[in-house]
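Common to both upcoming complexes is subunit A, partnered first by subunit B, then by subunit C.
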Partner chain A sequence: MVEELTVKHFEITETARGPKQMNGAPVLSVRDLRTHFFQDEGVTKAVDGVSFDVCPGQTVGIVGESGCGKSVTSLSILRIVDPPGRIVSGKILLRREGGGGVTDIAALPANSRALRDIRGGEIGLVFQEPMSSLSPVHTIGSQLMEAIRLHTHLHESAVRERAIDMLRQVGIPQPEQRIDSYAAQLSGGLRQRAMIAIALAGQPRLLIADEPTTALDVTTQAQILELLRSIQEETGMAVALITHDIGVIAEMCDYVIIMYLGRVVEQGPVDQIFFSPKHPYTEALLRSVPNVHSEPKTRLPALAGSVPHPLHRPEGCPFHPRCARFMPGTCERSQPRLTEVGPDQRASCFLYPGADHG
Partner chain B sequence: MVDTISDPSDDALLDVEGLRKYFPIHAGLSRRVVANVRAVEDVSFAIPRGKTLSLVGESGCGKSTTSRAVMRALDVTGGSIRFRRQSGEVVDIAGLSRAQMKPLRSEIQMVFQDPFSSLNPRMTVADIIGEPLLVNGIDKRQDRVDRVAELMRRVGLPAQFMQRFPHAFSGGQRQRIGIARALALNPSLMVLDEPVSALDVSVQAQVLNLLLDLQDELALTYLFVAHDLSVVKHISDQVAVMYLGSIVELADTCALFDRPLHPYTEALLSAVPIPNPRKRSARVLLRGEVGSPIKPPPGCPFHPRCAYAQDRCRTEVPRLERTAEGRQVRCHRAHELDLSGVGSMERPV
Partner chain C sequence: MVSYLVRRLFMAIVTMVAISVLSFAIIQLPPGDYITTYIAQLAADGTSLSDAEVLALREQYGLDQSFLVQYLRWIASVLHGDFGMSMEWRRPVSELIGERLWLTMAVAVAAILLTWALALPIGIYSAVRRYSVADYAFTIVGFIGLAVPNFLLALALMYFGYKFFGINIGGLFSPAYVDAPWSLARVWDLIKHLPLPAIVLGTAGTAEMIRVMRANLLDELHRPYVKTARARGLDERRVILKYPVRVALNPFVSILAYLFPYIVSGSIIVSLVLGLPTVGPLLLRALLAQDMFLAGAIVLLLGIMTVIGTFLSDMLLLWIDPRIRLEGRS
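Coming up: the complex of A and B.
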């Protein structure tokens, strides 16, 4: 029943674009992932050819504006894309624990046992809004204990103790009492901590955090980011962080993937991305972010226009109508390919040789 | 006790003093008032004409309640809100009735956070922007259409789209519609409650630029409410930091960001993620959570989370003090602490 693809012909490392600190083979390798939504109005190519690796102990950031496909990418990894959305092609390769081979999550049957073991087991997920992703009618404790029961073989008598222990680990004060609280009785920060505890219950090797701090205040955000960092340091867990916040990316990530309308426009080590961005979109995006260091009352170098509706993705390079370096006759004709533009850095732009083959 | 803030003689467009807003909590059969949520407690500030003052703080600090009280969308519990009318007359709008407030409404306008829920989906853009004109007696349809077209051009929207409905516009364009509606009656004060926080990064910059341009062209005065300190740094002349209903510090933007005087300001600034991976700095992490506005902690409301708290802070409520540079701070130890601001940094790109 478990469809394990012990795969030799997937060359995972060949295309692995080097994280600065390679802590062994990637936990997760996404290859040319395409997730499309089939609606009456047409097909939305929410994710259209995304490839990246996440290594143990590494934090990979996926950043972009609304409609860029960052969230659908994370939902695809866990196979929880709702219809009419469907993964149409690509591979999501999860390296199993202890040399257990490689599983292609994209090829597992929906609702299979194997898939359920991966969700919450090997891959944990933290959502943006803890209020709507936690059950309002179950206590924090019962939701956490359910996750512990599902993913560990602890004896029933030890489960509650483990739950209290986990709540303490994520910094919830008085965990013995809080375990019996409902989500609505906790503040936003404590709710997000509880959510993280639940995501960690199965001791995942990869944590997907989808806008984990967007709904939180800035001081609470700093606490939660610190918590994620310290957990990662302790456990060596890999983290895929999905966010629209450039500051959070700079703060947390080793490797950054920048998406625009379903496609990767640039990916590379965080330092390269911030100090030597190659794609015009990356550069414009970074420039347009307000900064606590900037001079007050000055105009920001804003990007012109807004993100087009995903149903009406422009032909050729999807960014060309807003691009300051648009080259007529080239950019609107065909889609540029991701091509090497620096050490471990790739961009999909016709400014760079190699973008126009294939 | 009202701490004096500004000379009554100055040219402030808006001068708020000792503003209080309590929400009563009723209980029992008799609906007796058992406690009050002290949403705004003794807030004072003044905004000169053509300038921007921002209220910042975490959720529940009272920044939105303050802005709604200034709009008189709420009845206030105490204090004064002196507003200089376009006629030059100064009125205390805190005590006005609904009917008395009506003629002032055109001079104080609001832009809301969420451009998706603040526009009526069944009205065309022409009707949305034109409605305040109709209400205020511009009866001829052609006059309204002309004015709507002018307003749309002013906020950077093509006027030929005026017969479309809001759903046909992107988030940034909808926020422009909201701004055009607020501008329709030539207000002097605009209350902007988180106007860019629902927008994409690239669009956020466009709307901030638009707000700066409009202020320049029309000499508008902004009361800006935001939680994002990077945005606040960009738009403000002065910043007031709120905590549990009170202003803990108020200063010129650069002074506040470079040399904060209140420990809460320091913590808030240090929590902002900096878009520079080489600048992953040590933070002043705040412990615990914001206290309850129903039963605030004794002494300084911030003391349970403050790294610099002493015995005095636990018992004695600090007064709002004015420094020589015209800054205001509510901290017992403001003069002896050496707190760090955001410092200077070159942008990576």
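Coming up: the complex of A and C.
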């Protein structure tokens, strides 16, 4: 269960990209989302009251240790959580383009046309492991062309051409030949590029990338991130980047959401999160990562303890058993609420007034 | 890919040679030979043979030679298309087996087709709707099908067929066509008679294949590539049929190879009960009478058909699974 947060050097300077000018209302608003898994041993509350917004052109990072519910959140948004998992409450609001209104994805009937049009058409998804995310018995071209057919009205003769074009756009060399390759014939980096091409085939307005670089080597990681950034600049789509790599967040994101045991513990613009974290968990997370100012050859502070088993979630604030600033009599009694702690920054901690107001 | 083909073909030939040696050896294993049985028969009728006559007979059939010589003489003539004379029937083996072999294959193919047609959709349904009422129902029916001996099912079907419909459902032909020359009408008559033996012989295989398909598919249903197919907006039915089912089909195809001999060897008692003119009953009689050329030819042909079946299923696998194709290329 204990997965170390990736140790990677990062540096945030005052000149780093500040929050971009967000044009207009959020493309996606998740409100109090709860996805629970109903197993014989009990109910695992993988996602338990998560709310956040993603604005057009924005890159939102969702960070947390393994088992904090970040992947289940992304699966929930597309409604592809496998049983025994189920969205039990909450809203997933997708704002349609050009004043087309708001659709609550959580309320759409399963496998409905409306839901299938959103999958891939409005929201694209890239998974962590490109090898297992591609069919072992179909060519990447067949999967890419399938996505193109589903979301465009191109004539059959143009579909293959478009597919080759897309492979070229994501930086796959010799796309005319690679289109007929199977996943097993490509390198990890090329596979992930193919996955990205498939996710982008329907020209989605939001791309959810669930640990897109975790399975790749460091050089390839940087290339894939660069690719995502350049595509985003070109198309203006929003990106939700799920990762446990603080360095990736610093490099890529405008806005950060920190999750712990299925709940959002803190959220805010990237600079504020890095320079003035409010939640003790965020502070501990950041301290555990080395940066260029760290004293060499000293021990990095590690987060005490490990993530509790999701079936045995602690009472009150779920972080209190590991918290350096635990306040007996308060933290184990009730759950803190997300409360305003700075400009556009919220944390759920009893250190801040407002967290205990029901 | 070519090297894969060549390798498989080579293995097939080696296997066939081994089968021919084994089948000849197995037939010779029981003590005594056809002459022993023949003497016993004559003794039962009250006559007996002199030692000289016995010796002459043994010489005539080559039974006085060593195993190796007997085998080589046999296999040499088999390669020339001559399976020898049946000692019991005193007719050429090829003539005895001829039509029966084709009818055996017709019954086996009908049973396999039925197995596939039932097991594939039911297996997929049972996996996708795991622990549903229908899944449990299919599981129960399937295990009953697996547990009930085929011949018992045949007897039960014959009994009910006679009692409730007043028909005699044995054999592969209506009385009018039993000895008729081949014609379209006779083929049609055969086709009309095939479902019953196909059901009787196919039930156990179907039950097993449902379990195989269900287990294979359950392994695949929650793989990430299924999620990504769903995430690009593909309809749920197409997601299941195009991706996990396709991958799960692999062991389903390879199992086809041994389904064939399983059905043929399992058909002996059923053929006796249902009065089917297949090679099964002929083999049984030949073995009892130690009619070695007839029994040897049947065992050899069944073995060779199994090898051919395996080779064909390998080809089929090569076609449906690119991972095997890629193996040879790299």
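Quick notes
Definition applied: the second predicted complex is superposed on the first by the 331 of 358 C-alpha atoms of A that agree within 3 Å, B and C clash if a C-alpha of one lies under 4 Å from a C-alpha of the other, contacts with A are read in each partner's own complex, and residues count from 1 in each chain.
Everything that follows uses one rule, which is that a residue touches a chain if its C-beta (ideal position, glycine included) is under 8 Å from a C-beta of that chain, and two chains touch if they have at least 3 such contacts.
Keep in mind the model is a prediction, meaning the values are calculated, not measured.
With subunit A as the common reference, subunit B sits beside subunit C without any clash. When the two structures are aligned on the shared chain, A:Ser230 is found in touch with neither subunit B nor subunit C.
Contacts of A:Val289 after superposition on the shared chain: subunit B is touched, whereas subunit C is not. Of the two partner chains placed around the shared chain by superposition, subunit C is the only one that A:Val137 touches, whereas subunit B remains out of contact.
By the touch criterion stated above, A:Gln177 is placed in contact with neither subunit B nor subunit C.
A simple residue count on subunit A separates subunit B from subunit C, and the partner touching more is B. By the touch criterion stated above, A:Asp217 is placed in contact with subunit B alone, subunit C being left untouched. After overlaying the two complexes on the shared chain, residue contacts for A:Gly121 are found with subunit C alone; subunit B is out of touch. Of the two partner chains placed by superposition, A:Ser89 touches none, neither subunit B nor subunit C.
The superposed three-chain arrangement places the nearest Cα atoms of subunit B and subunit C 8 Å from each other. Of all the residues in subunit B, the ones that touch subunit A in their complex are 52, 58-59, 170-173, 200-206, 208-209, 212-213, 227-231, 233-237, 253-254, 257, 267-280, 283, 285-286, 288-290, 342-345, 347-349. Contact residues of subunit A toward subunit C in the complex are 75, 78, 80, 82, 110-111, 116-121, 124-125, 127, 129, 132-139, 143, 146-147, 150-151, 182, 184-185, 195, 198-199, 201-202. Contacts from subunit A toward subunit B in the complex involve residues 65-66, 173, 187-190, 217-223, 225-226, 244-251, 253, 270-271, 274-275, 277, 283-294, 296-304, 306-307.
Residues 222-225, 227-236, 242-243, 246-247, 320-323, 326 of subunit C are the ones that touch subunit A when the two sit in their complex.
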